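What follows is a pair of complexes built around chain A, which joins chain B in one and chain C in the other.
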Partner chain A sequence: MIIAERKPIKELLEMLAGHDRVLLVGCKGCVTVCNAGGVREVGVLASALRIARRRQGRPIEIDEMTLDRQCEPEFISWLEEPLRENGYTAVMSAACSVGPQYIAERFDNVAVMPALNTKFIGGTLEHGVWAEFCRACGNCGIHNFGGLCPITRCSKGLLHGPCAGSSGGKCEVRPEVDCIWHLIYTRMKNLGQVDKLKALKPAKNWSGYWSGGVRRVVREDLTL
Partner chain B sequence: MKAGSNLERLLKSGQFTITAEFVPPATGDRGLIERQARYFKGHVDAVSVADNMGAVVGTASCAVSKALLDLGLEPIMSLVTRDRNRIALQSDLLGASLLGIRNVFCTTGDHQKFGDHPEALNVYDIDSVQLVNAVRGLSDSGKLLGGAVCDKAGSFFVGAAANPFGDPADLMILRLGQKVRAGADFIQSQPVFDLEKFGHWVQLAREEGLIEKCFILATVMPLRSAREARAINERRRGIEVSKEIIARLEGVPEPEQAREGLRICAEQIQALKEMKGVQGVHIMSAGREEVIPELIKESGLETARARD
Partner chain C sequence: MSENFEPRIVAFCCQYCSYSAADLAGSMRLSYPPNVKVVLVPCTGRVDPLHILRTIENGADGVCVAGCLEGDCHFLEGNFKAKKRVAYVQRILSEAGVEGARVRMFNIAASDGPGFAEAARIMTETIRALGPNPLSIKTEKMSEEL
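And then the complex of A and B:
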């Protein structure tokens, strides 16, 4: 899923300066699972912002609403009525950054701001800890590496084994993180596939990545 | 002779070869480069010019290599894949060829987190093995990675790095094998502070049949003090100073430790000269180029240099 993290209150207050009536919109998708922008987090954030603004001597009205998903226009349309009826000057989206962009494209007359930092495609390691697993390079090749991704999980994206900084199974760039090459090698050894690692890999084709320009997936069989 | 460089000629003639590292400062002052160059001239066989070493900005390795060439030195231009994509790297290689630079050394480079621009975007379009392979292709057939063939691309003597001290040992040998198969002519090791461990790695490389396919240069690094040695170990970035060396440095008063460090390094050079499969040493002086002449003298290799 997409892992996101709430921005610091101070930064959010700066964004909201000059706005007194705001709609805070959460999302029931990934950001609910990673405890960043679900119903509960929207409630907590709204209270925190209200209290902070009261302290600043400029109270703010914040209404809360959480959509099933903000990454689909169909759900974004649910915002039409509240935005028309309630005179909000700003919408703060607590979804991954797809949400605020959909809202901005759809509604001309409100300011739109992100409440979250969208971090990466990842998974849960333990309660309250998430890690990155995929950079969405557009051309998955992890079967060549025992099912583990060196492009994402090696800090240098190396395809031919560890750099000299790998030490004690940890990555020199982030010592709290495993050197993925250590894990890949151990796994390939267990699988009896070390020879597969010896082979020279050609320079990667990055055109399916962001390097190829803004990406799209079109499924002819599904288009209307 | 593939590339026709002096370094290639020396290594192929079987002579024990000495190279040293030069980390260019960030300067546009040719005079400064020339003043630094006097520590190499007449003392070493080739000078390896770092490419933004440690992810700290320094003057371009290509330009500094040319400046050294003008002074009659033999440069080895380093190229890291951290900062440039395959387009820029191949363009730099052709530029180097045009300037008369015949040796290149390919690595991935330190992560920018450790440098003076930790907020920079990195590139890592290709890795060091792929860069070696790209240089080889360009050198042998003028072929670019994209498939086009250039006219008179020039030939290079290609170097790559190896880590004899990483874990597990067989993975380190696998890495060496990849670099040799990708086309590396010579290999520079990580700094050696444990001769026994290094000897073991050379032995493993020999068993894999890799020693005959490349020239091994063992990197040596004169230590300034026991404190520096301990700091290196604390950083734990793939270099480890042995307990024996630290104990020896601690055994003399602090002001004399740099002198002792030089002596230890000179002894290592002598030992490496006798080690089968090792074809030379690479001196990493970590910005203290001025110690090189004394180190060479201390190691007893000075006469050999003077004879050439």
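And then the complex of A and C:
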């Protein structure tokens, strides 16, 4: 899923300066699972912002609404009525940054702000801890590495690892992080495939990543 | 701060320990400040950050979450969860400009009536020292303060 994290209240207050009536919109997708922008987090954030603004002597009205998903225009259209009826001057989106962009494209008379920092594509390590697993390079090659991604999870993105900094299974760059090359090697050894690691790998083909502008996926059979 | 400020404190007390302790304090005829209003919860693990925040937002001067002694939670670790959540709310409150110390966690055994009375006193004194919930003070004054 996409992992996100709430921005500091101070930063959000700066964005909201000059706005007195705002809709805070959460998302029931990824950001609910990573506890950044679901119904509950939206409630907590709205409360915190109202408290902060009362402290500043300029109270703010914040209504809360959480959409099933903000990464699809159909759900964004649910905002039409509340935005028409309630005179909000701003929408703060607690989704990954797809949400606020869709809202900004659809409604040209409200300010749109991100409540979250979208961090990475990741998974849950334990309750309350998330880590990055994929850099969306567009050319997945993890079958060469025992199903583990060195592009993302090796701090140096090495295709031939480990480096000399691997120690006790941990990475020299950040000791709390597993050395993925240690895991790759151990796994390949268990699979009896260490030989595969010895094969020289050509430089990674990054053409599916930055080049060519905004990336798209098209499924002709699904288009209407 | 007004001389006759009487703090309004909400205490979320767990059924198995601190609520029983409060009950016991009552049957032991122990006197403790009447400022603390008790809300019974099945376990402090049930107390959500939102409950605490909304209580402050709606005007309480202080909130305490009172659970079993550490290691004695009827649901094993509800009080440890509550402890972390209290710390989380304290951080959010200070980010929002309200003293985090208005929210506090206590651990009281079911058999400890005097412990409950003591916690009520400590909490009342803490809040008395902090003064009224800044959200209930006139806003002009607050903006000067910030």
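We adopt the following convention: the second predicted complex is superposed on the first by the 222 of 224 C-alpha atoms of A that agree within 3 Å, B and C clash if a C-alpha of one lies under 4 Å from a C-alpha of the other, contacts with A are read in each partner's own complex, and residues count from 1 in each chain.
Keep in mind that, in the parts below, contacts are C-beta pairs under 8 Å (C-beta built on N, C-alpha and C of every residue); 3 or more make two chains touch, one makes a residue touch a chain.
Just so you know, these numbers come straight off a predicted model, no measurement behind them.
Please indicate which partner A:V214 is in contact with in the superposed arrangement: first for chain B, second for chain C, both, or neither.
A:V214: touches no partner chain.
On chain A, which partner's contacts cover more residues, chain B's or chain C's?
B
For A:S166, select first, second, both or neither according to whether it touches chain B, chain C, the two together, or no partner.
First partner only, chain B.
So, does A:P8 touch the first partner chain B, the second partner chain C, both, or neither?
After superposing on A, A:P8 lies in contact with chain C but is clear of chain B.
If we overlay the two complexes on their shared chain A, which of chain B and chain C does A:Q56 touch? Say first, second, both or neither.
After superposition on chain A, A:Q56 lies in contact with chain C alone.
Should A:V44 be classified as contacting the first partner (chain B), the second (chain C), both, or neither?
So A:V44 only meets chain C here.
Identify the partner contact of A:L222: answer first if only chain B is touched, second if only chain C is, both if each is, neither if none is.
In the superposition, A:L222 contacts neither chain B nor chain C.
List the residues on chain C that touch chain A in their complex, please.
Those residues of chain C that touch chain A are 48-50, 53-54, 56-57, 92-93, 95-98, 134-135, 139-140, 142-143, 146.
What part of chain A is in contact with chain B in the complex they form?
Touch list, chain A to chain B: 155-169, 172-173, 181, 185, 194, 197-198, 200-204, 206.
Residue numbers of chain A touching chain C in their complex, please.
8-10, 40, 43-44, 47-52, 54-59
Tell me, which parts of chain B touch chain A in their complex?
Touching chain A from chain B are residues 82, 86, 108, 110-111, 113, 122, 124-130, 133-134, 145, 161, 163, 166-168, 171, 174-175, 177-178, 181-182, 190, 236-238.
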